[in-house]
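Listed next: structures, encoded as structure tokens.
Consider the two complexes below, in which chain A is the common component and chain B and chain C are the respective partners.
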Partner chain A sequence: MSTIVLLIVTGLGLGALYFLIAAGLSLIWGLMRVLNLAHGAFFTVAGYAGFFAAASLGGSSPWLQWFVGLIAGTLAGGIFAVLTETLLIRPLYRRPVGQVLVTVGLALATLALVEGTFGSDPRQVSLPDWMTATTTILGAAIPNTRFVVLLLAVLVLLGLLFFLRRTRYGLIIRAGVENRAMVSALGIDVGRAFTLVFAIGGMAAGLAGVLGATYFGTIDPSRGTTMLISAFIVVVIGGLGSIGGSALAAVIVGLLQQFLNFYAAAGVGDFAVVLLLAAVLLLRPGGLIGRGSA
Partner chain B sequence: MTAVANTNDALLRVDGLRVAIGESQILGGVSFQVRGGGITGLLGRNGVGKTTTLRGILGLVPRTGSVTLAGDELTALPVHAIVRRGVGYVPEDRDVFGGLTVAENLRLAERKDSEHRYALIYELFPELRERAAQRAGTLSGGQQQMVALARALLNASNRILLIDEPTKGLSPLMVKRVADALQRAALVTTILLVEQNLAVARHLVRDVVVLDQGSVVFAGDVATLVDDPALARRYLGLSTALGH
Partner chain C sequence: MSRRGAGALALIGLAVILLPFVHVTLPGFFEGPLDSPGTLNLLALCFVFGALALTYDIVFGFTGLLSFGHALYFAAGVYVTAIALARWHWSLPQALALTAVVALLLPLALGAVCLRVHDISFAMVTLAFAEAASILVLQNPFGLTGGEEGLALGSGVLPAALVGVANTAHLYWIAAGLLLATCAIGWWAVNSPPGRVWQAIRENERRVAVLGLNPYAYKLASFVLSGFLAAAAGVAYLLLQGGANPQITTASFTLVLLVMVVLGGVGTLWGAVIGGIVYEYLDFRLLEFSNASVLQNLPPILRVPLSEPLFILGVLFIVLVLFLPEGLGGLLRRAPATVRALPAEKR
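Coming up: the complex of A and B.
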């Protein structure tokens, strides 16, 4: 029983990280039809920004360091994303192949830059004592970091749903996911929504970058790429443009990976996720929750 | 509600509008003008470029030529800025946002001066109030057309509405309601109407512009066109002229 509880909470924590990356990817694709392969770079840069921001406060309270790292990483993800959209993506709006190439280039360049500057070895992050401890639930000793990651992901999910359903810009984004041209034909400047969606996506990925460091206890340059692949699978399974779909798919993917990797063999869970992706594409090509459902 | 005055001055002037999609030229230099007030019909057989003309005016397709609204050149502006200058659009396929509720569809089109327009909209289409919380994608075709027209009418600063085949695929009862709504709308704004149902168009429009093979072949009074069997046959494919 305790193993199952541990696997559930750990799977949900991993799913929470996938969701934070997938949410931005999904909205960006849904609204702008931009396949942003640089999204993992937002995760990586934010992880390092958070790490160094926290380290710069050496000697102060570990909680303060962690919190400052969290804010710095989230902001770094958002700023990086906005710069990417305005400087690289915007000039290529009518050239989708160019957009894919520029985001691939940015992802590779960022990886090389981070590796060249900080090295490719993982760096240990320092966490508050409570986070390195465990809490026992139904006999399972669960690392407290899992609760932190889950709590913040749920807050982001609720915040995004509130934003999309209750604000005018949220309404514009939901409408734009369905029919961008018609939103313009109502006199609305969709370009602003594009920048906003990149900012939100970048901040969510940035938050994931810091929470990923909290979850795994380390940062390294290539984790963003690995996470991006899983996040893309989550986006497609959940339904492009659907935040609710991404959340549901992230939970399914996280749990599936954890359970099968533990009970079958290492790697089986990852393979099963790819099979699930294929099944969804064949049986329900629009994803579990279709487009525009927010 | 402020009524729009019928004038002889051109409100919208289209000059040498050309649209090419890939290798094929859809519009080969369309020129016409729309007087302020009332409804001007943009007519022609299927596939002559009527929808493309509306989309070209709005900038939804790449085009060359000149489009001016009350003397202001529009062609250099992005789509949303053209709409902001006062050009409303009701597309052929209605293009309501199916995942959004009726109320949300309308809210997207709201402007600062939209409040008093809700009274007009709910008078024309009371169903929209009743179905405010319903997803627009679950509405009938006629109800979706109401949403599309309501969105364009909500913007009181629209000086001209480009309306593309609003009665297409609707029941006779719904066609009459849409025609009545257009007549009411024409009291508060100018309309450029693409309409294949000539029996409807005949009774709604004052002026007509007829396209054939991507160019304007007739522009003038509607009666001149539809009362002349030879003209009607040549430009619209009608075997006889339509009566009053």
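Coming up: the complex of A and C.
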């Protein structure tokens, strides 16, 4: 029983990270039809930004350090994303394949730069004592970081849903996902909405970068790529452009990975997720909560 | 193809074949003379990647299928041959026969599934299958793939004529032959009636369907052909490297292929070949450059980015996509007519 509880909470934590990355990917795709392969780079850069922001406050309270790292990482992800959108994506609005390619180049270059600057070895992240401790639930000793990651992801989910459903810009974004041409025909500047979704997606990925460091206890340059691939799978299973779908799929993928990696063998969970993706695409090409076929 | 073009090609082919007998040093381009094993090995690798880029161009540039899993078929050629040779101690012809079968069936089976969806979903499913294969290779199932350490062929596995520094020229010719064969098959395929349908699908798939053709079957044919040829390039790569490494199974490697094709020019066969050759050459030379003494004296802010080949190539790629969408091939085509006429005059 205790193992099952532990696996559930750990799987949910992993799913929370996937969701934070997938939410941005899904919104960006839904509104702009851009497949952003640089999203993993946002994650990585934010992780390092958070790490060094926290380290620069060496000696002050660990909680303050962690919090400053969290803010710095989120901002770094957002700023990086906005720069990407304005400098690289915007000039290519008329060339959809060019947009994908530019994000490929950015992902490769950023990864190489981070690896060259900080080395490819994982770095240990210092955390407040409470986070490295465990809480016992139903006999399972669960690392407290899992709860932190879950709580923040749920807050982001609620925040995003509120923003999309209750604010004017949220309305524009939802309308743009539905029918972009009609929104611009009504005289609304869709370009500003583009920058906005990139900022939101980048900040969510940045938050995931710092929370990933909290969750795993280390940062390294290559994790962003692995997370990005899982997030892609989550986005497609959930249905492109659907935040709720991404959240649901993230939970399914996180739990499936954890359970099979534990009960079958390491790697089986990752494998099963890919098979699930293939099955979903063949049976419901639009994803679990997608609209029609993709 | 025009007669002039054919003549120029024949000349280039002859020069490529005779190169191992030319004892000339090209300072700045290659470390040793042209006939040295190091140079031949680098050139052979360039040829293999030129061929590989061409196979990707068939599926991406000519059929318009953005596959993110092309590395899988290349890796299949490498790993199946390596496992048959090193683990099961099969002879080279047996191993090649097995690889040929796998190289046909694997893209056929996966393509049949992936092609049920379109556009970005297709890109993601292909990515997911390639990622699954990458995980599988890293897991080292039954001790076959060697996991992270890769799989070295070891001694006595290959025929003596294909082993050793002294025989580098043989491997060079194999790579050159592979490139030539891939070019010939690729050229024939994209100019055949199905090849024209591929290009029609790239431009407007619905129209092809309305005309009464079944796009699915044509796309699958393109997918299988390019997968098979990629596996052939994988075999040549294995012979050159003397082993398999898991690096070539990763998603990043497929992205590198994409970079190669776009570098040379999407939708032109020779553009893709040039892209593959130039990329591999730059990657190799930039790595040597990163250890150069000139670089070590620079301040870190310049030294670190310049010593990362992938950083330079990534930035170069972004600049190309932004400012030169037709790739290097487009640059050549746009060059003044006098420059273009030069090779023809030499003939």
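Heads up, the rule we're going with is that the second predicted complex is superposed on the first by the 290 of 294 C-alpha atoms of A that agree within 3 Å, B and C clash if a C-alpha of one lies under 4 Å from a C-alpha of the other, contacts with A are read in each partner's own complex, and residues count from 1 in each chain.
To be clear about the criterion, contacts are C-beta pairs under 8 Å (C-beta built on N, C-alpha and C of every residue); 3 or more make two chains touch, one makes a residue touch a chain.
The structure presented is a predicted model; accordingly, all values stated were derived computationally and were not measured.
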### Task
For A:1, decide between first (touching chain B), second (touching chain C), both and neither.
neither
### Message
On the A-aligned overlay, A:109 touches which partner chain: chain B = first, chain C = second, or both, or neither?
### Response
second
### Query
In the superposed arrangement, does A:189 touch chain B (first), chain C (second), both or neither?
first
### Query
Given the touch rule stated above, what does A:283 touch, chain B (first), chain C (second), both, or neither?
neither
### Query
Given the touch rule stated above, what does A:97 touch, chain B (first), chain C (second), both, or neither?
second
### Task
Have a look at where A:181 lands relative to chain B and chain C in the superposition and call it first, second, both or neither.
first
### Task
Give the label of whichever partner, chain B or chain C, reaches more residues of chain A.
C
### Query
What part of chain A is shared between its chain B contacts and its chain C contacts?
293-294
### Task
Note which residues of chain A are touching chain C in the complex, please.
29, 35, 37, 88, 91-92, 95, 97-98, 100-102, 104-113, 115-117, 225, 229, 232-233, 235-236, 240, 265-267, 270-271, 274-275, 277-278, 281-282, 285, 293-294
### Residue numbers on chain A that touch chain B, as the complex places them
168, 171-172, 174-175, 178-179, 181-190, 291-294
### Summary
The answer for chain C against chain A in the complex is residues 66, 113, 116-121, 123-125, 127-129, 131-132, 135-136, 138-139, 251-252, 255-256, 258-259, 262, 304-305, 307-311, 313-315, 317-318, 321-322, 325
### Task
In the complex, go through chain B and note every residue touching chain A.
58, 60, 78-81, 83-84, 89, 91, 95, 97-100, 104-105, 107-109, 111, 151, 155
